[in-house]
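These are the structures, in structure tokens.
You will see subunit A twice below: alongside subunit B first, and alongside subunit C after that.
Our next item is the complex of A and B:
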């Protein structure tokens, strides 16, 4: 199984959302990291046939994303999915199953199995409008799995889930990634860190880094520092470098930051994490975002 | 051996042997190939997903239309009966529009677009099902009018088809122009205008429901029908493309 994305581009007026992105994905879990507006959702929407690329192609085992055979093996969870409020979870899943071309008897079995898997069995006959955010999200995950997809695209799947649900979901995704392509985007770096076999970092419409977690972290190896500094120096360092962690200590202010060279004479180098990498590449965009009302 | 003996044997076998507990059923189900829904099965299956509210509103409108026709013909006013029925027709369309615009209204379109049966196919199925319902209601009104007036059934049908097709066209134009979730309200406004216009048409053109204008009525039906077909094809193409192909109908 192979998903080939070949030089796809999408432009909205003056902004290039996705810029000549090429990828080859095989079975496994892929995490897509990027700040808001990096082009993650546009890329995912094109992969699901919701948007037509301005140029380039997307094909799964040679089947173009415009064809119905492609949609037949696709599972998609949008960032913010709608639902008919008068539907119960059971009705919703049966409706989605009918659109996915699953026969009624098979749909009933699959629906019952998935409702149990996402822990909604007891509330299956309650209207979706009475569900909490996390319950709706779990229902969204269940509908994406109805047709046992070969390609599973999940846009911010853990949003709204409580920590216990997130752990359960991570395990479920890891299991699913064994024999299919799972692509998930999230702002929650730790989710990607735990679940994804491969990580792709997207910035301004292009993939700036891709690879296994360890490989990708090599790009900031030797650039993550920890130090305890006086308050005035802390403010100065905060202005200059992306700060990952900051806390008050007896001796001064503790800082963990990403920097090309030693930022302070007592600073010690430490092992880089994915969160460090994220902050290193997106610190400019995070600062811009914080400045906005 | 008769049927009763057969049942007894089955019962005895069931009692004598302990059935095996299925092993790895979920894994088996996951990997097992199964025949997909045919287009015919999908089409029939969608009937249950049309809201009960839509059926009830349509029936209520139909009954109200019959009541008004009856009331108009009681005073022996043929034209009034036709006008009253025509004024109701746009609202049959409105009930159907509210149903087809549901995906947009509740944000389900994104999910529906990624399924095996394309969004275009789903839209087409809904339009056909609701179109059949509307045509049944129109036929019912026409037959009822035939008994209440001395106008021939064919002419009644034409008189009612014009406001029906006009409303269908206008609402489809609105649906293609406006992407907002409030599209049903815009369509409601248009239906209201067509409905009120039906009440005053004969004031603008005297004897409009007489035989001398029948050519124009017929011509209007033809033109509106052509525009409608063209509009439907355009909407389906724009909403995810493929109608269906032979592999789906198999």
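Our next item is the complex of A and C:
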């Protein structure tokens, strides 16, 4: 199984949202990391046939994303998950099953199984408008899995989930990634860190880094520092460099930051994490108030 | 096929889940039932303002009188009979000063001829309720009743319409096909139904605009468009299901509503007079050779297709606009503005286009008007063109709506 994204481009007026992105994805879990406005959602929408690229092609095993056959094996959870407030979870999943061409009997079985899997079995006959944010998100995940998709596209899937639910979700996705392509986009670095086999970092419409976790972290190897500094120095360093962690200690202000060279005489080098990498690449967007790891 | 039917079922389910739909349908059916009986509610009064009875009793009395004339041929003999009755009434009435007595005399002598008088009055004077003219009719006038009618019809279209030679020639052909002499039967029920069809169409169109505006627009506002369009059938069967639901819902509601209305009216007024010529609706204006039931059938067909035309517009707007509210606003304008607007008939092209708006297609005076559509000698009357045009418009607009939703990009 192979998803080929070939030089996909999408422009909105003066902004290039996706700029000649090319990817080849096989079975496994892929994390798409990027700040708000990086182009993740636009890329995912094009992959799901919801937007027409200005140029380039997307095909799964040679089947173009415009074909019904492609959508037949696609599961999608949008960032802003839509639903019918007066439908119950059961009705909603049965409706989604009919959209996906799943026969009624099979749909009933699958619906029951998924509702149990996402822990919504007890509230299956209650209206969706009574659900909490996390419950709605779980329902969204369930509908994406209805047709046992070969390509699962999840846009911010853990938004609204509490830590326990998030862990459960991660385990579910890890299991799913064994025999299908799972692409999930997120701001939550830990989600990607724990479950993604392969990470892609997207910035301003292009993939700036891609690879396994260890491979992409090499780009900031030797650039993550920790130090304890006086308050005035801390303010100065905060202005100059992306700060990952800051806390008050007895001796002064503890800082963990990303910097090309030693920021302070007593700074010590640390092993980089994915969060460090995110801050390193997206500190300008973050300082403009656009993104949070 | 099974999947399509299942998807249609879900579209209906989504529709009927909305409480507002039930209120609208209840209001619509309530209005139609009220319309059938509205004219019969209340009392009748004499000159002094005293209650003399109810309107329903008045209708029953009129019906009884009219049924007494049922089956009579409107010919010189009947006209003479009516004339003699009125002569007798007028001569006796001159001797009576008491109003009550005069009224009783009227009821005993000429009231039963009122339906015939209404017909004669239109032909001989052009108005509905003249009486004195009957005294001056000569034998020639009585014998020439139908020639006079045809002359009046021709005079009307020559003086007040901007017809082409081809249209006039066609109207003369139709005129020749009118079956005479007319046979009178009480036909108030059919006429009442014909009168109500237009106002019912207005409410029906407004209701359908509200009910069907969310057919596509609702998916945008609920953000379901992304899930639908990324699903297997999202760009094919789902859209077909929506359009089929819109069409079948329209046909269903329209048919049931018009059917209930017809049944109600027939139960109240009776089904008499279905063979009456359409000319009884407006003697000097309509020249087509139909009877009431044929004309009602054509009119109802035009109404159904006009409503379907409106539904197709709703579907297209719903697919194009991002919110059902905008669809409702525009459709209300499309329905209501033409009711108050009038394009002068001398601007034939504009007037012809105007008369093809959905609401105009439901106007009886438009359906059976003198104007025709076509080029040179190849022309068809409005009652034929409207259904053909509406059908073509329905097909084209639905295809367009299909493409719009299919190509919708989730932004």
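To be clear about the criterion, the second predicted complex is superposed on the first by the 289 of 293 C-alpha atoms of A that agree within 3 Å, B and C clash if a C-alpha of one lies under 4 Å from a C-alpha of the other, contacts with A are read in each partner's own complex, and residues count from 1 in each chain.
As a working rule, a contact is a pair of C-beta atoms (placed from the backbone, for glycine too) under 8 Å apart; a residue touches a chain by one contact, two chains touch by 3 or more.
In this text, all values refer to a predicted model and were calculated from it rather than measured experimentally.
J.: In the superposed model built on subunit A, check whether subunit B and subunit C fit or clash.
T.: Overlaying the two structures gives a clash between subunit B and subunit C.
J.: In the superposed arrangement, does A:106 touch subunit B (first), subunit C (second), both or neither?
T.: first
J.: Answer with first, second, both or neither: which of subunit B and subunit C does A:203 touch in the superposed model?
T.: neither
J.: Going by the contact rule set out at the top, does A:170 touch subunit B (first), subunit C (second), both, or neither?
T.: Neither: A:170 stays clear of subunit B and subunit C.
J.: Quick one: is A:148 in contact with subunit B, with subunit C, with both, or with neither? Answer first, second, both or neither.
T.: The answer is first: A:148 touches subunit B but not subunit C.
J.: I'd like to know which partner A:138 touches here: subunit B for first, subunit C for second, both or neither.
T.: It touches nothing on subunit B or subunit C.
J.: Please work out whether A:83 is in contact with subunit B alone, subunit C alone, both, or neither, and reply first, second, both or neither.
T.: both
J.: Hey, what residues of subunit A end up touching subunit B and subunit C alike?
T.: Touching subunit B in the first complex and subunit C in the second, residues 48-50, 68, 71-72, 74, 76, 78, 80-86, 95-96, 98-101, 104, 143, 147 of subunit A appear in both lists.
J.: Contact residues on subunit C for subunit A in the complex?
T.: 3, 6-7, 10, 13-14, 17-18, 219, 222-236, 238, 407, 409-411
J.: Would you tell me which residues of subunit A are touching subunit B in their complex?
T.: Residues 48-50, 66, 68, 71-72, 74, 76, 78, 80-86, 95-96, 98-104, 106, 109-110, 113, 143, 147-148 of subunit A touch subunit B in their complex.
J.: Once bound in the complex, which stretches of subunit B touch subunit A?
T.: The touching residues are 26, 29-30, 34-37, 41-42, 45-46, 49, 51, 102, 106-118, 122, 240-242, 245, 247-248.
J.: Can you name the residues of subunit A that touch subunit C in the complex?
T.: Subunit A residues touching subunit C: 45, 48-52, 68, 71-72, 74, 76, 78, 80-87, 91, 95-96, 98-101, 104, 143, 147.
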